[in-house]
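When the chains are written out, they are named A, B, C and D in that same order, and each has its own residue count from 1.
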């Protein structure tokens, strides 16, 4: 683990450099798990390429002396910037402090962390450190009692929203995990599943242990009706994560979702699906403000955030770079990553002539 | 030859890895013959690139707990998945068991094998091991008696369909074969042509021996009328393999074809023809269900199968990876290749929200 | 420093070779500052790629025996070719003679030099060598008295036009400068700011010293009203440099700009903005001749100049290659760079069937 | 010089391999002159890339047993294939036999050779070996008497057509020639200009000697009226070589051209002009059969010839590969190159379902 001083000594200048540094600090099996995508990683690369292909058309000579990056979310929460922390499993594989370091960095940055069902610290542990800025990401188990228990615990612990992942009836085939026979390192556990005794991930010859775990335990019969069931058992607003089609967005609204996260699971589920930024526009046009839209997938640059907002997102969720920061320096590393992206985003706003988020209009990417 | 154990020890995780392993096991001249395409191999590469460019738009929250991958073909045959084995010549060059290993793997996978006219085991030998799952691919010889004899033998042996290759009045120029002076290795023969004494492929200076063989023996005057003639001499339904234009598909129907295989011969005939997946949609719109459509060319991923079906194919035919499996481990290797692709295809269905083949609709690739 | 003889001995044959030679002669920190772009340098590369993607459709059999490359500008100045010298800071970092060498090369080439606010020779020093061919580029300081003083000094010194940079409320993030901790080398100073004591650029840990300087001193509240204010304090015509949108061009005209320089600051401000040549056509259609249009960004070939003129530019401004020439051989090196581009441009005109600039019509790039 | 046996021993299998072999046999200065293009060689590469991007849509089941590749030209000449030899200067730089070897290879292949004004054998020498299959390419000198003399000599010698190059008022900037200070090797001369004493190409410091020669001697005031003048002094039909625009094609017809060669001078004149195959369709639509269309530029594959004919060309002209064949084996090498391309073209016809040239219709490249 790095001291803050050591972190400062090798300060990366952009989020890409975070990954290079993390690759040296995080054990290979864990780094492979975090970094890889499904199959040929076409979607993984396309998440970046699509952002890079979008041109920005900045407006000049607008007063940008004072900026306001704050945004108020459907939950009523006001965060310091339209950048949140995406749900990611097994954070102790990146750093011993795991999700606890991440929530403290979120506190410091005044933003929201979405906690994964597959966290290595329990909902209660993380919520104890949170400052009203925790959401909970849900995987649905075949055993509905387990699912219901997870939802109730999240609500009791003070989570402000429930993020239902809809793109993972099974795990995408991440070939590096198959080659590595990926499994949780000794000493780590799925902390939220200890009571239900589903916290262990047995070794599985010739496959990813996580793939086998999900195959055995997740509910492959999940449908839109289950969204209504979840609504019936919680007061938390429900967001659906993993929507890539406008007709699915319409169904999400119909079945009571409060928000939609346009996501392809970081390119880790079905390979060759489009980049999220490529489908955002059409979904935003369909949703037309009826529920809130979020996006994750490939966000690495301040200009990416600007583009996502110009195309209809309320905020973006940052994924892997948080893990790279965590691996590099624990809480301080995550803070560094968040601060760097915030700073880039603010500069992108300034150079585009935007003083507030409402200045970020679609004409910035369409001329 | 590998034991099944040895195969398992170096289990490839995708079909691309099969090729790399096979390149070390199959003699160079044979590997070159199997792997290369015509001229600059532009079509060979495009067969892959075109699949990779097509985006999938998966539907979420659909019950995919129970899947059915079975499909019933024009022949009335019901197979376990919409993946069949394409006709490929000279399989003993990949493995001593040759076509006999392939038919047994097809039996095990409950799918169809299309036997090449240029097989190194005879129709009768292969048919003796088949379980009603053999089709016969036909090249038409100038000597109509030979052609008629091949058709009759296939019918008598129990082949369920006749696949007429229409794209090969001459052999495409495969430069690596020219450089190698490609010819059948000692001990191998065109087993179906022994009676007609056309089983040998004499060495031909500065050319591929196969190109010279075909130049001398195949009928370059073949026309649509010959399709009608073939219909008159067999009760087997006739499929035309090698169609790339909608107007040719229309002619195929007019002249009595029962099915069409959209194919560019694996990029081995006329270079710079489009990828098969690129022309499938237009041909499917023209055919409009009047006859069955199949596709081969570049299928390597489960998502490729999904895309082909979404664009109108009833099933796809797998080519070279079968040879790489054969070369790697005989029957067990072919089974491995088929099982891997089936598994990938099933996962692609699940992650796209498809429980049955009828759920695979065109909107999965068009939004 | 090279003698003219030495320059001749290793005569580069195109402007790209100038850069390679300069990379060996200019100290790394300075070379990095001059050569790099913002962030991923996507716009930097796109400035070149966009020129290369545009096809020319030359006209044949037109009398091109006598050519006239001269052009008369809004200022009434007549220059020998539609190629001027873009404003660039800190030219003494490239060569001890700095901006004095550049103005003398401009004199020799009978073209215009735009002097940067951040020059290492003062307005008065450079103007003393000029031959009525100096324009002044302005950055607006928060302290309006300083800004006003700069404008007045430029006017008194005989500058013929004022080029207001509108794309730089803050400095773009040029990562190589951040890594280098870029600052002015010992002995160099912002010569125009000596009186206002803003001539030094203090070292700034973990950042570009110039970025910090601009953050502290430039006016981030600059708006269109300030254009009117500038008009009220000077008789020089005002050009706005950094416009990338047609609606901003319309605003520029409305607020009294005499000319527009379509520019993305050489890819150094907001990354992923389009190449200037890609937006020129639309801006030219909007402006429709009401004010003069110029372009900089990626001009390296005679055909680039031809394309810019065909798409509506009156002239182009050449940037980095001037610095490479300066670094290579002082005044002689700059002359060489200008002469090479002029020669290429003249040949491009001849081979396109253009004897005069008015022959350069849009159909040369649109068929 | 190679014997035919030696040529056979290292038989290249495609025209690209001819270049690799020639690069070892032809002196570097000459090879650079022959192989290079103008400036960044964007057009040079695009000539190939554009052919490779065009897809072929072959027709199946058409009788291709007997093929006829012959074509009758505007001159009434009937040649064995729609492939001719493009005009190329200084052929003795490739092989001591120079243009004499080329005409004999043309005789053998029953096709036409276009002799360059800048040949190293004289019109009379080459015509003496020709069999009614020689055309003459003309550069127009400032001194009209010289030009007129060249035309008269060509007519008297029996040339059947005059090919006026219209894209070369000056030489394109071929940077490799500039670096090499390109000049004719000792012992070689511009044989057609001996009488007019313009046969020498003096060394020119820091430039291509040929560029300087052309700058001094060619007529930069050439216009459409000169086409009419040429018509008035010869009975040979006049073809214009170097047209890239449909409006210029219209002018060519108006001023009495009998044919048009769509050409970009092999990418050697104005860089970034489009590939010839990219502009052929539009020009063919404009010309609509009123005069004959030819094409050169990047033809290396039999499928290229097929594509050019499908898009409207009567025949193509082959350039550099003729020189590579010449360099490799004199007359035998040229014959080899022509035979290889003819063979590839015939195979492309067969595999596309074309028995005669009239079967090559536009639908082969447009679906």
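Methods note: contacts are C-beta pairs under 8 Å (C-beta built on N, C-alpha and C of every residue); 3 or more make two chains touch, one makes a residue touch a chain.
Fair warning: this is a prediction, and the values are worked out from it, not measured in the lab.
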Set of chains whose contacts include both chain D and chain A: B, C
Partner chains shared by chain C and chain D (touch criterion as defined above): none
Copies chain B and chain D touch via same or different residues, half shared test: different
Cα superposition angle of chain A on its copy chain B, in degrees to the nearest 5: 90
Chain whose average C-alpha position is farthest from chain A's own: D
Chain A and chain C, separation of their C-alpha mean positions in angstrom: 43
Chain centre separation (chain B, chain C; CA means) in Å: 60
Junction residues of chain C, two or more chains touched: none
Touch-based graph of the chains, sorted into line, ring, star, complete or other: ring
Chain pairs in mutual contact under the definition given at the outset: A-B, A-C, B-D, C-D
Chain B-facing residues of chain D, complex: 8, 11, 13-14, 52, 54-65, 301, 303, 344, 347-348, 350-352, 367
Touching residues on chain D, where the partner in the complex is chain C: 39-40, 42, 166-167, 169-170, 172-173, 175, 178-179, 206, 219-224, 226-227, 240, 242-248, 251, 269-274, 278-279, 282
